[in-house]
Structure formats: C-alpha cells, structure tokens
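Next come two complexes built around chain A: one with chain B, the other with chain C.
Our next item is the complex of A and B:
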C-alpha cells in the first residue's frame, strides 16, 4: 500500500457518511472486511471457496442470538468471531483436502448444509423469517457513533490483514498459489497453510457477519444462502484480486449499483448479471486493474509530452 | 405402515431418478469441460417452463416432453459457444462468475416471461389417476416417470459405452489433454458435452414439472442438490452420479416417513457421512 492509496482510503472513510446513507456506507465497510479477507484466500492463496456466506451468516446468527439473550456487544462479537473460526477449522479440514472444482463443490455444499440447518431449526433461528428484534446497544445508538464504531473495527481488521499479507505467512500463501508442488518440496505443509488461509478469511468474514446484525437489527436468512456467497465472490473479483484494497472498490461499486438498480427495477439482478458477464468476458482484471492501466497510460502520456518538450528545447 | 413405507420408497425412487439425470448432466460438464456449471439449475428450470408453455400451446404433454429438452440444448449451445468457450483458459473464478451471471440472467428472464407465481402442469389424462399394484395404489404418472427415467439412464449408458462419441466423452473425463493430442476437435466435443448436460437437465426439469410444480426458484433449489450428487459420487464418475442421485432420493423418501421436516437436511447428512468415511466419493478414484 503506497501513501496515495492510504490517503484515498482516509478520504473515503471521512467523506463516505456525507455522500451515502448511513446504512449503505456501514454495509460497504462491513462487506469491505468480507471481500478483502476473501481476497487473502482467493487472490493471494488461489483458493476459490463458494461458501463464504456460511461464515458470514452463521456468525450473524450467533451474535444476534447472544444480543437477544441480553449479553453485551463486547461479548457477542468475539464469541461470534470465535465461532466462525471454529466452524472454519471444521469445514476447512474436509475442504482443503481437495483442489479445484472439488473444493468449490464442497464449500458450496457445506454452505447449503448450514443454510438448511438455519431454515429448519425455526425455534432458534426463526426459520424463513430470520432473526428479528435485535436492539443496538446505547453507545452506538446514533448514526454517527455507529459509523465511528464500524469504521474503527474496519480499519483495525484492515491493518491486521495487511500485516498478515506482508508477513512471511503472506509469502507462503503466494508461493502456494504460484507453485504448490514447490512449496511442498521446500518443506511447507501445503494443506496446513491452505487451512490457515481458509480460516483467516473465514474468521474475518465472521467478524463482519457479527457486525452486520447491528445495521438492520435483524438477520435475514438470505445472508446465509449460497446466492450471498456468489455476491461475495463477485464483489472480490469486481474490484480486482491483484491488489490489497482492490476488493473494497468492488464492494463499493457492487453495493452502490445494486442499491441504485433495485430502486429502478424489481428485476435488478438481471442487470447485475449482465454486468457480471461483461466484466468476466472483457475486463477480467476488475476495476483496480482498469484504474492501474489508466494511471500507467496517463503517466506514459505525460512522460511522452515531457520528452517532446525536451526535444523541442 | 407398509403402505406408507412402500409409497415413500417409490416416491424417493422417482425423485432419485430425476436427481440422477441432472447429476449425470452436471458430472459430464464438470468432468469433460472442467468448469463449475452454476447455470445447471436454471437449465433444469427452463426445461420445466418450456414444457409448461409447449403443453399449453399444443395441448400435447408428450410433445412437450420431447421438445422442451431440445430447446434447452439450444440455450446450452448458446451459453457454451458465446461465453464459456472464451473462458477455458481462465481461472475457475471467472468461469464460475460467468455461469453464475448467466444463472441470474436466465432466472430473472423466467420471472419476467412467466411471472413470479408458480404453476402446476397436469399430466395427460392417459397418465393421470392411480394404478392398483395389489399392495398399494400409486399415481400412474410417477410409475411411468420411474420407468422412463430408468430407460433414459440405460440409453445414456449405452451411448457412453457403445458409441464412438461416448468413448470420446469418457476419455475426455479421464485425460483431456490426451484427447486433444489424438487429433480430436475438442471444441466440438465440448459443445456436444454441454449440450448433452443441458439436455439431461432440461429433461429432468420437464419430467419433474407434474410432480413438483413450477416455481421460479426451482433452478436455485436444485443446484446444490446437483453438486451434492457430484460430491457423493466422486468428481467425474457417471455411474457414481446415478447411484448417488438414487441414494439421495431414497433417503429423502425415508426421511419423509420419520422426520418430515428434515428432508432437505438429510441430503447434506449423506454428503457429510460420505466425505468423512470416503473422502474421494463413492466411485471416485482421484
């Protein structure tokens, strides 16, 4: 991360609440955690999991239930995050044994397994209606304090994830993406580090899920449905996986687009689908690569102009 | 009680046959093309909706069952030749995203054309009513469905084992690069495979319409089941997909007797047991 991206990030966080409604901007920050953590697994380790909604939704349910039981939020968030960490170890243990398509199939099927548990277990999860009637604690009752609370957690988890990516552990992840057999040959236990990457991504996704409860004071059941996993993958890829903050651009774009289209037309997923398809077929690097190319082009253009000036002089 | 158990076994068998058909279609596409086909569910839904419209227009149920899977094949050809073909070199993430996008688009088009409310498609008079089997009385259509699906699976088996194209498809699952090296035009093989997968999905959709009715979300509901069939079967195993499909159907039938609310959870329970005790899947080798 160079200093320009940090400045852009700070400007985004400071200006966000003035430009967008409170619910939208907090949702963007929360899904920002999800997408950036998914990128640790998807972009840096090269594992495509189609089951991230499992951790998001389960953690949202856990934190919602703890809040409903009357416990404070400082208990709800850590417990829910820990819960999604434990579930990710369990699910990950079975999934990382497999690669490629089988890994996608397994994570997808696990996602749907948890969805149906939430769907059937109506006494606890509220079934199809979702978990309702959660109240925000007093100290984050106002929109301003809630935004500050979420953005502090957002920046903290961003910092932690950046530390992970730039640490030797991050290098091992990249090595596994580039050449798993060489990683094995050097002496790294590839399966173990894949599990580590999977649980890091899933734990941060879980943290985001536990915060999501607070926005609308409820847990709708679609937060654990596999369509949400598709959205998460899309947000990550839309922004671009080659970049640490790229997925955040994807999140902002995705949420803004879907909010805008859903007002205009009830069949808005159609438009989103068309956008997905166009991006995959023509702009595979996502928005961040598009921006990088633009910056490079403009730089070379200015350079050219400068050179021409020198020649003239 | 025997009556209930027998009829639920038959129900489960019927469901299982449908799962086997869709599952085999998905197995072919996953195995030969090596792409995660997230549009498989909506192809199934399209099969049902096409059958509904054709039956309504022409008045012939049989004609609808014949024609609607062929229309789905056309949609499949379109998907493969216009989109998927450009993505064989790309990572799975982009293939997945593209097919997911196609699923969203087709799903919304179904709602736009046919509306968000579900329909029911009645079987023709010759197949409606019930048949007295001696020990139990059972709906005629479901019996015919089991026989017909069984017949289709036999046909598919003969196609895959006895014909040249079938051999190429099986070889493609085993070792795609070798098929290319042997001078076979893989583009056409991929197109046909996607078409065959789409045909099976469309056929299962059309056949399921009189039993389960039509809802716009039917494609999204069947998709995880298809993937579970593939996981239980072992990736790329066609006999495995048939067995796994029937097994899931039967266990759903059994669950209806004792735990009617858990019929959907049973599917994933089966999957969980499989990956604990046989991680490579029932018939998987890799």
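Our next item is the complex of A and C:
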C-alpha cells in the first residue's frame, strides 16, 4: 500500500457516513473484510472457494444466537469467529486435498450442506424466516457509535491481513499460486499452507458475519446460501485480485450499484451479470487495475505536457 | 569410500510397463555421479522416485543410512537434498530475488512461526540470497520477474533456487536440456564448480557432458543398469555403445 491508497482509505472512512445511509456504509465495511480476506485465498494463493457464505452465515447464526441468549457482544464476536476458524479447519482439511474444479465443487458441497442444516433446523435457526429479534447492545445503539465500532474492527482486520500478506507467509501463498510443485520441492508443505490460507480467509469472513447481525438485528437465511458465495467472488473479482485493497472497491461498487438499481428495476441482477461478463472478458485485473492504469496514463500525460512547456520556454 | 545415497533394488511399474527395474546404486560423498541412458530409459522415473515425487513400486532409498523411501518431497530440502528439474520450473510472476529468497528461507527457518515475522527480520536470508544470485551470474537481473528472463537465464535461476536450500546432495535432472551450446558449456562449468561444495547426482542424456565431469557413470537402458564405471570404462563399453546406437 502506498501513501495515496492509505489517504484514499481514510477519506473513504471519514466521508462515507455522510454520503451513504448508515446500513449501507456499515455493510460495505463488513463485506470489505469479507472480500479482502477472500482475496488472500483467491488472488494471493490462487484458490477459488465457492463456499465462503458457509462461514459468513454460520458465524452470523452463532453470534445471533449468543446475543439472543442474552450474553454480551464481547463474547458473541470472538466465539463466532473462533467457531468459523474451527469449522474452516475441518472443512478445509478435506477441500485442500483436491485442486482446481474439484476443490471448487467440494467447497460448494459443504456450503450446500450447511445451508440445508440451517434450513431444516428451524427451532434454532428460524429456518426460512431467519433468526430475528436480535437487539444491538446499548453502547452501539446510535448510528454514530455503531459506525465507529465497525470502522475500528474493519481497520484492525485490514491491518492484520496486511501484516499477513507482507510477511513470508504472504510470499509462500504466492509461490503456491505460481507453481505449487516447485514450492513443494523447495521445502514447503503446500497442502498445509493452502489450509492456512483457507482458514485465514474463512476466519475473517466469519468475523464479518458475526458483525453482520448487528446491522438489521437479524440473520436472513440467504446469508448462508451459495448465491451469497457467488456474490463474494463477484465483489472480489469486480474490484480486482491484483492488489490488497482492490476487492474493497468491488464491494463498494457492488453494494452501491445493487442498492441503486434494485429500486429502479426488479431485474437488476441482469445488469450485474453483464458488468461481470465485461470485467472477466476485458478487465481481468478488475476496477482497481483499471484505475491504476488510468492514474499511470494521466501521470505520463501531465509529465509530457510539462516537458513540452520546458522546451517552449 | 563413504556413500551419501544408497539405492537398493529400486523398481517402478506403470501398469505393465516396467520403467525402472531393480536398480542398485551408491553415490560417494563429494563426487559427481551421473546416470545416463537413451530416451525413455527410465531416468526421470528413477529421479522422481528418489526425490519423493513418485512412490517406488519396490526397493529402498537410503540417505546417510536413513531410509527415506517414499518421503514427501517437501521434507527432503530440510534434510539436505535439493533438486533441479528437467523442464524449467521457476515462479514466473515473482522477481528473481523472491524466487531465491523463498528457497533460502524455507531451509533457514529456525522456529515454526518464522513465517509470520516481518520480512526485514531475516537479514541473513537476504544476504545469502544475493550471494547465490551473484554466484549464478544474475545479479543484474535481481529485480526482474522470472518470466522476463531468457531461457538460459531461467535455467540459471532454477539452479539458484535449488542452491538456496544449502543442500549436501544435489539431484539434477538434465540441467542442460534445451540449452544452446554456449549455455550448455556455461552450465557444465557451473556444475563442475558446484561439485567442490556438493555431492551431485546428475541425470543426463548427452554423453559428452558427463564424460568430462563425472567420477562414476551408471548407464540405464529399458529401466535396467547395463553398465557402471569411470567415464573411460563406460566409453569403451560395447553394451553402452549399442544402447546409444539403438541396438541394445
């Protein structure tokens, strides 16, 4: 991250609540955690999981149930996050045994399994109606305090994930993406590190899920549906897997677009589909790469103009 | 004579095909031991069994008298065995420095949690990386991506990655494959230089290269050892000549 991206991030955090409704901006930050962590697995390690809603949803249920039982939020968040970590170890253990398409199918299958459990276990999860009636604790009752609370967790997560990808571990992830058999040959246990990557992504996604319940005071069942896993991949790719904060742009764009279009036209996912196809076909690096190229071009343009002025003078 | 690697009755079958059949071999410490043979003789299969890529059908591999048969390949560099691939096998989108750094780091880790510490904590890894890169003559390319290097340079990088593990035993599978004559000469010289520090098991197809530098040569044909001896002995062998002329 260079200083310009950090400045942009700070401006976004400071101005966001004034430009967007509270529920929208907090949802953006929460899904920002999801997409950036998913990118550690997708962009850095080269593993496409189609089951991340499993962790988001399960964690949301755990956190919601703990809050409903009357326990404080400072228990709900860590327990739900720890829960996602443990589930990710279990699910990941089986998934990383396979590669490519088989890996994708396995993650998808686990997602379906968990969705089905949530669907039929109505006494606990509320089934199709979702988990309702969760109350926000008093100290984050106002829009302002809630936003500050979510921002702090968002920035802390970002900081931790940034530390991870700039450590040797981040480099090992890239080795696996680039050439797994060579990574193995120089002494890295590829399957183990794939599991680490999977768990990191899933644990942060779980953390985000545990926060999500606070926005609307409920857990709708579609938060654990595989369509949500698709959304997560969409947002990540839309923003761009080429750099650390790229996916955040995808999240902001996706949530803003879907909020805007869903009011105008009920068939808005069609537009999303078209945008997605264009991105995958023509802008593999997503919006962030597009912006990067624009900045580079304008820089060289201004530089040229300056040079020309010099010559004239 | 002290051997560092000992192979006992190693065999590999692919269905009905016996790719390697009852091979015995001992590699002496500090020597260059070459395994040669015509195309399809079973050299790569033999190599892959030693380096943990293929599990043998039967037989044993001993390294310093420890049984390492069927060990997963990621364990070998940590024991002092490193390998170089037949086809160029680097990390294309990463810089030359990152390529080599990763390999040095892998075997230099002191604790299980080293991989979570900041990169700047590993000064000795950075120094070692630069030294190895300069040894293979790629210092001027250190910040370039591996995919931007010429084929010959990528082979050198491949070698640098292999050396990063600080091995005692080097396993090389046709390091000169697909190289232009000058680059082949350069690689041969490098191998000769390396043999002062490492024990080398060299798999080769080209006879003239191994003749100059090997101490012992084992000749494979149809998966079996047909001869073994010093370069001059092997050169004289009728069986070997026949095999290479396709009359074996």
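Going forward, the second predicted complex is superposed on the first by the 309 of 313 C-alpha atoms of A that agree within 3 Å, B and C clash if a C-alpha of one lies under 4 Å from a C-alpha of the other, contacts with A are read in each partner's own complex, and residues count from 1 in each chain.
By definition in this document, a residue touches a chain if its C-beta (ideal position, glycine included) is under 8 Å from a C-beta of that chain, and two chains touch if they have at least 3 such contacts.
Predicted, not measured: the structure shown is a model, and the values here were computed from it.
Because the two structures share chain A, they can be overlaid on it, and in that overlay chain B and chain C fit beside each other without clashing.
Contacts of A:179 after superposition: chain C is touched, whereas chain B is not reached. The superposition places the C-alpha centres of chain B and chain C at an angle of 80 degrees about the C-alpha centre of chain A, rounded in steps of 10.
In the superposition on chain A, A:248 makes contact with neither chain B nor chain C.
Looking at the shared chain after the overlay, A:221 reaches neither chain B nor chain C. Looking at the shared chain after the overlay, A:171 reaches chain C, while chain B stays out of its contact range.
For chain A, the partner with contacts to more residues, out of chain B and chain C, is B.
In the superposition on chain A, A:187 contacts chain C only, with no contact to chain B.
Contact with neither chain B nor chain C is seen for A:35 once the two complexes are overlaid on the shared chain.
Put simply, the nearest alpha carbons of chain B and chain C end up 14 Å apart when the two models share chain A.
Residue overlap on chain A between the chain B contacts of one complex and the chain C contacts of the other is empty. Considering their complex, residues 42, 48, 50, 94, 97-98, 100-102, 104-106, 108-113, 116-117, 119-120, 226-227, 230, 233-234, 237, 241, 267, 269-270, 272-277, 279-281, 284 of chain A touch chain B. Listing the residues of chain A that touch chain C in their complex gives 163-164, 166-169, 171-172, 174-175, 178-179, 181-190. Chain contact summary for the complex, chain C toward chain A: residues 51, 72-78, 82-83, 85, 89-94, 98, 101-103, 105-107, 114-119, 122, 161-162, 164-165.
Put simply, chain B touches chain A in their complex at residues 30, 34-36, 38, 83, 86-87, 90-94, 96-98, 100-105, 107-109, 111-112, 220, 223-224, 227-228, 230-231, 235, 261-262, 264-265, 268, 271-272, 275-276, 279.
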